[in-house]
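Note that subunit A is present in both complexes that follow, paired respectively with subunit B and with subunit C.
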Partner chain A sequence: MHTIRKFFLKRQPVFITIIAVALAFIVVGFILAATGRNPFNAVYYFVRGAFGNVVNTSDTISRVIPLTIAGIAFLIGAQCAVFNVGIEGQLLLGAMASAVVGYIVKLPFYIHLPLMLLAGALAGGLYGLVPAWLKTKRGVNEILSTIMLNYPATYFTHFLVLKVIPIVGVVPATPFIEDTARLPILIEGTQLHAGVFVMILVVIFAYFLLYKTSLGYEMRAVGYNKTAARFHGIPVEKRMNFAFFLSGAMAGLAGAVEVAGVHYRFLDQFSPGYGYDSITVALVGLLNPFGVIISATLFGALKTGILEMSVYSGIPRQLTTLINGIVVLCVAAKDILGGWYARIFRGKDTYEAEKEISQ
Partner chain B sequence: MAYILELKDICKHFGNVLANDHVNLQVEKGTVHSIVGENGAGKTTLMNILYGLYKQTSGEILIDGTKVSIESPSDAIRLGIGMIHQHFKLISAMTVAENVMLGEEPIKGKLFLDLKKINDSTLELSDKYGLAVKPKSMVADISVGIRQRVEILKALYRNANILILDEPTALLTPQESEDLFRIIERLRKDGKTILFISHKLKEIIQISDNITVLRDGKVVDTVKKSKTNEVQLARLMIGRDVFLKPAPKSKKIGEIILKVDNLSAVNEYHHPVLTDISFDVRSGEVLGVAGVDGNGQTELVKALIGLQPVSKGKIKLRDNEITHLSVKKMRSAGIGVIPEDRLQEGLVEDFSVEENLFLGLQRIPPFSNGKIINWNAVHENADSLVKTFDIRTPNITHKARLLSGGNQQKIIVAREIFHAPDTIIAAQPTRGLDIAATDFVHEQLIKQRDSGKAVLLFSLSLDEIMLLSTRIAVIYKGTIVAIVNKDDVTPEDLGLMMLGGSYEHIPA
Partner chain C sequence: MNWSDTLQSIFTVTLLASTIRVSISILLAGMGEMITERSGVLNIGVEGTMLMGALAAALGSYFTGSPWLGLLAAGLVGMLVGLLFSFIAISLRSNQSITGLAIYLLCVGLSGYLLQIIFEHGGNSPMVNTLPSLHMTFLENVPVLDPIFNDQPIIAIPVLLIPVFLQIVFYKTPWGSWLRAAGENPKALAVVGKNPVKIRYVATLCGSFLAGIGGAYLSISQTSLFSENMVAGRGFIALSAVIFGGVRPGGVFLACIFFGFMDALQKTLQTVIPDTMMPRELFMALPYLLTLLALAGFIKKSGGPADIGNPYLKESR
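And then the complex of A and B:
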C-alpha cells in the first residue's frame, strides 16, 4: 500500500491532470446521454474519427503539429514569468512572412524551406518584442498587451490579402508558395507532412534549452523568483525579453509550418484559433515540453474526432467548443481536485498546507 | 493538574520523512512553554498541526481536557489558538486597525464599516497588553517589530488563549526582542498561554516556564526553566556539548581586497540612505558591521553587489573599480553574498536543493562551460554540500520549499561559503540556525578568512559580531560612525555607539 501511495503522490500533478481530463469526458458523456444520445456510440465514432485509419490518424497528427509548436511557444514564455497570450497574432504574422518568402523567390529547397521557416519565426519573434518592450521599459502588463496585439496582427494580414497582394483565386489568400518551400507529404493521400519532424525538434529544443543550458536555468529562476534571480546576477529584464522573443518566434514558426505543410499559401482565417488553444495545451501539458505533445494530441484528436462523430451520430460540431470548455474548467479546478486527491492518498495533507505556508 | 493543551502520541509523516514521532506534550495554562530542537527537528510541523495547517498522521490533541479535531486554521481559531508566523500575512496598503479587524469588521448601519470602533478597539487591546501600536498607521510604514505586534493583536482580537510564536525573534533586533518579552510577560500574567520557538537559548532560559526539547521528531525531555541552563539544553538538543566560541585571532592580515570610498546613495524618494561611507576589508580579516536594524545595512549590502544605485563614491575590489557595474559583473568580479532574506533573495523555493546549490554559479565551471550545464557536477556538488553542512533533506532533488527554515538557510550559506570568491558578504548568516549549525557556519567563515579571503559580516546580534570580527564598524543613520579593533571595545561601548553615542573614550 505504501509504495502505491508513494507512486501516486509523487506524480500528483500528472494524475490530477489526467483525472481532470477524464472528468471532462464523463461530464460530456452525461450531457450527451441527457440529450438522448448514446455516449458510447459517440465515443466509438470519436475514436474512429481521430485514429480509425491512416488518413484519420494523419489528419489528427497534422493538427497536433501546430498545437504542439504553439504550446511550446506559450510554455517557453511561462517558464520565464512571461504570459504570452498573443500567440495567435504572432502565429499569423509568422505565417504571412513565410508565405511571402515562399512565393516571391525561387531557391533550392534546402535553402528555401529553412529560409521560409526562419522568416516565419523571425516575424513572430519580432512581434513578440513589442510587448517585451512595453513591459520592461514601460511596465505594461503583458497579458493585456499581448491579447490586444492579436487584433492588429489579424487585421494586418487580412488587409494584406484583401488589398495589397493581388488575389489569385476565389478566397482571399496569397499566391501559392514554390514547391521548394513546401514541407513534403509523408504518406501519399493524407495530410501528414514533414512538419512532424519540425515539431519533434521544437520539443527537444525546448527541453534542452530549459533543462540543460545555463540560459534555460536562468530563465526558470526568473520564472520562479525574480528577486532571487536578480540577487544572483541574472539579468532579469534581458531574460524576459529573450523569452518574449523566443515565445513569439515559436508561435511564428507554428504559422510557417502550417503554410509550408498544409495550405501552401497564407489563407485568410486559416487558423482555427491555434494560438488561443496553445495556452490550454501548455497548461494541460503541465508546462512540460513532453507533456505538451501529449496534451496537444488530446486537443488535436478532439478536433478531428468530433468531425466524424457529428457526421455519423448527429451530434452538433459545436460540441468541440463545449468539450474544450469543460476540459479547461476541470483543469482549472485542479486545486480542488488536488485537495481531494491528497485526502485520498495521504489523508488531508501538505497540499493545502504548502500553499498556506508558502504565501 | 489540568492542562490547557495536551498532545498525545502525535506522529506526522511526509512521505518517508517522519517529522513528528509520538510527540507527547503537556502545557499548563498561563505559562510560557518553549519548544527547542535542531533544524528539522519537527518544531514548526508540530505547531502547524496544532494550528490546523497539517493533519497529524496519528495522535490526539486535547484542549482543556477534551479531545478536539483541528482540520483548519479556522477550527484552531475557534478553539482559541492563534499563530504568529515568521512571514507576516498583513496587507501593507491598509492601516493597522483594518488589518486587525480583517474579516471580523464591526459594521455600522448594516452597510458601513464602523471606523471609529475599529480604531478604538484596536487601541484598547493594544493598551491592555502594552503593545504600543498606533491603529491608524499604515502597515507599509511600520517596522518589522511592530508588524509582529499587529499579528499578535490579530490573534488576541480573535480571542486566542494559546499563542504560538514560531521563531519570533529571528527577525528582531535585540531591543525589539526585549520589548516582545515584556509583552509576552504581560500576556502570561493575563492568563494567556504561550508556545514559543527559538534557537537562541539565552532567550529561552530568560522567558520560559517549561521547555520541551525535540530531536529527530521525538521529545527528548521536558524540563523546568529553574532546573536547566543553556549548556544542558544544547546537550539535550544536539546530543553533545556545543558552545559558541570566539574565533581565534586573524593569523595573517594581508592587502586590502574591498575598499569603499565616500559611498553615498539615495532611495527612490531621494532621501539619503547611505552617506559618505568609507571602509576597507583586508585579506584574512572579518570586518563586522554592527548597528540597529534599519540604519542602512540593507542598502549597503545591495550597493556592494550592484543592486542599489550609488550616487557618489567608489567601490574597489583589489585594483578594479566596480562601482557602477551590473550585479552580474560585480559578483563575477569576486563578491559572494549571503542575503538576509532567505526566501525572497537567497533561494528559489521551487527549485530543488541541488538547483539551489549552484544558483548564481550556473555559468562557471565546473557547473557549466558557460552554456551547457554539467549535471554530474551539480549532483556531486549537492551531495557533498548536503553532507558537509548537514542539510536535512530526503534527497537532493527535493524542492527547497519543503525543507525546514534552518535547512533552507544552510543551503544558502553552504553555496556562498564554498564557492566564495575573494570577498564574502554575510548578512545575518546564522539567522534561524540551531546552535550546532551556527557554530559550524562560524567555523567555516573563519576558515575562509584564514584562507585569505575578506569577510564582511552584517549581524543584528552583537554576540555574533563580537565572536567573529577582527575589526568592527558601527553603522548609524546610514553612515559609519566608528571603526574599532574588536579587542578595544566592550559590547556596552558598541551598544552606545549604535545608538549614536560618542566614542571618544575609546582608544582607536
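And then the complex of A and C:
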C-alpha cells in the first residue's frame, strides 16, 4: 500500500494533468451530445482518421513535428516567465523567410537546407524581439503584445504572396523551393518527412539548455521567482529577452520545417492554428520537453482525426479550437484536483495534519 | 490630385462620424474591462466574451425577430462567460492570464462550432434584424454636430455617457471605493468587513456584460450578421486601451476613441489612396501596430491597481 501511494504521490503533476485532460474530453463529449452529435461515433471516426491506416498514421506523425517544435517554443518562453502567444505570427514569418531562401538561391543540399531552416528561425526570433522590447523596456504585458503581433504577421505574408511575389499557380503561394532545400520523405507515398530528426534535435536541445546549462538554470530561476532571481544577481531582463528570441526562433523553425517537409513553398494560410495549439501542447506536456512530444502526439492525432470526423459525422472542424480552450481551462484549474488527489493518496488524517503544519 | 485635395477628402466630418461608429464596440469592452481590472482581475478573454456576445445577439435577433432581445441575450451570454472565468480565476485562484487565454480559445472555438451546427453553411449567419439608428430632429439644422451625432446607432449616445457615469461611481460612491480597494489592497478591504471575492465577481460580471454588448453591437448594429471570428482583435485593442488610459474612465474613454479614430482613418485611407501606392493589407495591420506603438510610447508603470492579477487568499492569517 505504501509503495503504491508513494508512486502516485511522486507523479502527482502527471496524473493530475491526465485527469484534467480526461475531464476536458468528457466536457467536449457533453457538448457534442448537447448539440445532437453522437460522441461515441465521433471517437470512432476520430481514431480511424488519426490511426486507421499507414497514410493517416504518417499524416498524424507529420503533424506532430510542427506541434512539438512550436510546443517547445512556448515551453522555452514559459519556463522563463515569458508567455509567448505570438507563435502563430512568428511561425508564419519563419515559413515565409525560409520559403524565400528556398526558392531564390541554388546551393548544394548540405548548405541550402540548413540555411533555409536558419533563415526561418532567424525571422521568427527577430519578430520575437519586438514583444521582448515592449515587455522588458516598456512594461507591456506580453500576452497582449504577442497576440496582437499575430495580425500584422498574417497580413504581411498575405501581402507578400498576393502582391510582391509573382504567383505561379492558381493558389496564392510563393514558387516551389529548390530540391536542395527540401527535407526528404521517409516513407514513399506519405507525408512523413525527415523533419522528425529536426524535431528530436530540438527536444534534446531544449532539455539540454534548460536542465544542463547555467544559462537554462538562470532562465528557469526567472520563471520561478523574478525577485529572488534578481537578488541572486541574475540579469532578469537579459534572460527574458533571450527567452523571447529563442521562443520566436523555435516558432520560426517550426514554420520552416513545414515548408521544407510538407508544402515545399509558402502557401497562404497553410497553418491550421499550430501557433495556438502549441500553447495547449506545452501546458499539457507540463512544460517538459519530453512531455511535449507526448502531448503533441495527442493533439496531432486530434488534428488529423478531426478531418475524417468532420466529413463522416457532421462535426464542424472548429471543434479543435474548442477542445484547445477547454483543455487549457481544465489544466489551468487543475490545482483544485491537486487538493483532492493529495487527500486520497496521502490518507485523510495525514493530509489534514500536513495542512495544519503548512499553515 | 494634389495633396490638399487628398487631405480634404480624408479629414471630413464623415471621418468623425465613422470614428464614433467604430469606437462603440471597443468603448463598451474597454469600459467593462476597466471595471474588472479596477477590482484586481485581469481578464484577457474579453475578445472571446465579445465573440460569444456577437453570436448570441445574432441568434437572438434571428430566432425572435427582435434585435432588442438579441442585445439582452448578448449581455446574458457575456455574463455567463464571465462567470466561468470568475469561477476558475477568482474562486479556484488559477493564473488569470492563462485562464483568460483559455476563455479566448474556448469562445473562438465554441462560437465557430455553434455557427456551423445551427446554420450548417460556412462562415456566416443569415441576415438578421438590426437595432435602429437614432434620428434627433433638433440637431437637423446644427452644422457640425448633425453629421457627426445624428443617425448614429441607437446605443451610441448612452455608450458615450458610460465614462461619465463610471467616473461618478468610481470616485463619488462607496461602491467605487470598495471596487478600487479590492484592486489595491483586498486584505484591508476584508478587514472593514467587505468580501473582496464577491466584489471581484460582481466587477468581472459587469465587465463581461458590457463586453457581450460590445460584441452584439458588431453583429446587430454595425453589420447585420454574425461571421466567424468577426471581433478580429477588437477585444485585445480594448485591453490595450484600458492600459493606455491608465485604468481611469476619462483616460480609457480617450484611448478607445483614439483607437477608433485610427481604425476609421485606416478605412478611409484605403478608399482614398490607390492600392498600388499603399496596399490594403498594410492598412489592415495598421490598427494593431499603432496600438502597440501607443502602448510602448505612453505606458505608465503606476497606472493600474496594485494588486492586479493576484488571487485573493482569504485564509492567509
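Assume the second predicted complex is superposed on the first by the 306 of 359 C-alpha atoms of A that agree within 3 Å, B and C clash if a C-alpha of one lies under 4 Å from a C-alpha of the other, contacts with A are read in each partner's own complex, and residues count from 1 in each chain.
Everything below uses one rule, namely that a residue touches a chain if its C-beta (ideal position, glycine included) is under 8 Å from a C-beta of that chain, and two chains touch if they have at least 3 such contacts.
None of the values given here were measured: they were computed from a predicted structure.
**Q** Kindly classify A:I234 by the partners it touches after superposition: subunit B alone (first), subunit C alone (second), both, or neither?
**A** First partner only.
**Q** Any idea whether subunit B or subunit C touches more of subunit A?
**A** C
**Q** If you stack the two complexes on chain A, which partner ends up touching A:D179: first (subunit B), second (subunit C), both, or neither?
**A** Neither partner.
**Q** So, A:L215: does it touch subunit B (first), subunit C (second), both, or neither?
**A** Touch status of A:L215: first partner only.
**Q** Once the structures are superposed on A, label A:L149 by its partner contacts, choosing first (subunit B), second (subunit C), both or neither.
**A** second
**Q** Based on the superposed arrangement, let me know which partner A:L162 touches: subunit B (first), subunit C (second), both, or neither?
**A** A:L162 contacts subunit C only, not subunit B.
**Q** Who does A:N225 touch here: subunit B (first), subunit C (second), both, or neither?
**A** A:N225 sits against subunit B, while subunit C stays out of touch.
**Q** Going by the contact rule set out at the top, does A:G325 touch subunit B (first), subunit C (second), both, or neither?
**A** So A:G325 only meets subunit C here.
**Q** For subunit A, which residues lie in the overlap of the subunit B contacts and the subunit C contacts?
**A** In subunit A, positions 359 sit in both the subunit B and subunit C interfaces.
**Q** Considering the complex alone, what residue numbers of subunit B touch subunit A?
**A** 13-16, 48, 53-55, 57, 71, 73, 85, 87, 89, 305, 307, 326-332, 337, 339, 344-351, 355, 359-360, 362-363, 367-368, 370-373, 375, 401-402
**Q** Under the definition above, what is the set of subunit C residues touching subunit A in their complex?
**A** 44, 48, 84, 88, 92-95, 97-110, 112-117, 228, 233, 236-237, 239-240, 243, 279, 281-282, 284-285, 288-289, 291-292, 295-296, 299, 301, 315, 317
**Q** Flag every residue of subunit A that touches subunit B in the complex, lowest number first.
**A** Interface residues on the subunit A side: 6, 9, 212-215, 217-218, 220-221, 224-225, 227-235, 346-350, 352-354, 356-359.
**Q** Inside the complex, what are the residues of subunit A that reach subunit C?
**A** 31, 35-37, 83, 85, 130, 133-134, 138-141, 143-145, 147-149, 151-152, 155-156, 158-159, 162-163, 276, 279-280, 283, 316, 318-326, 328-329, 332-333, 335-336, 359
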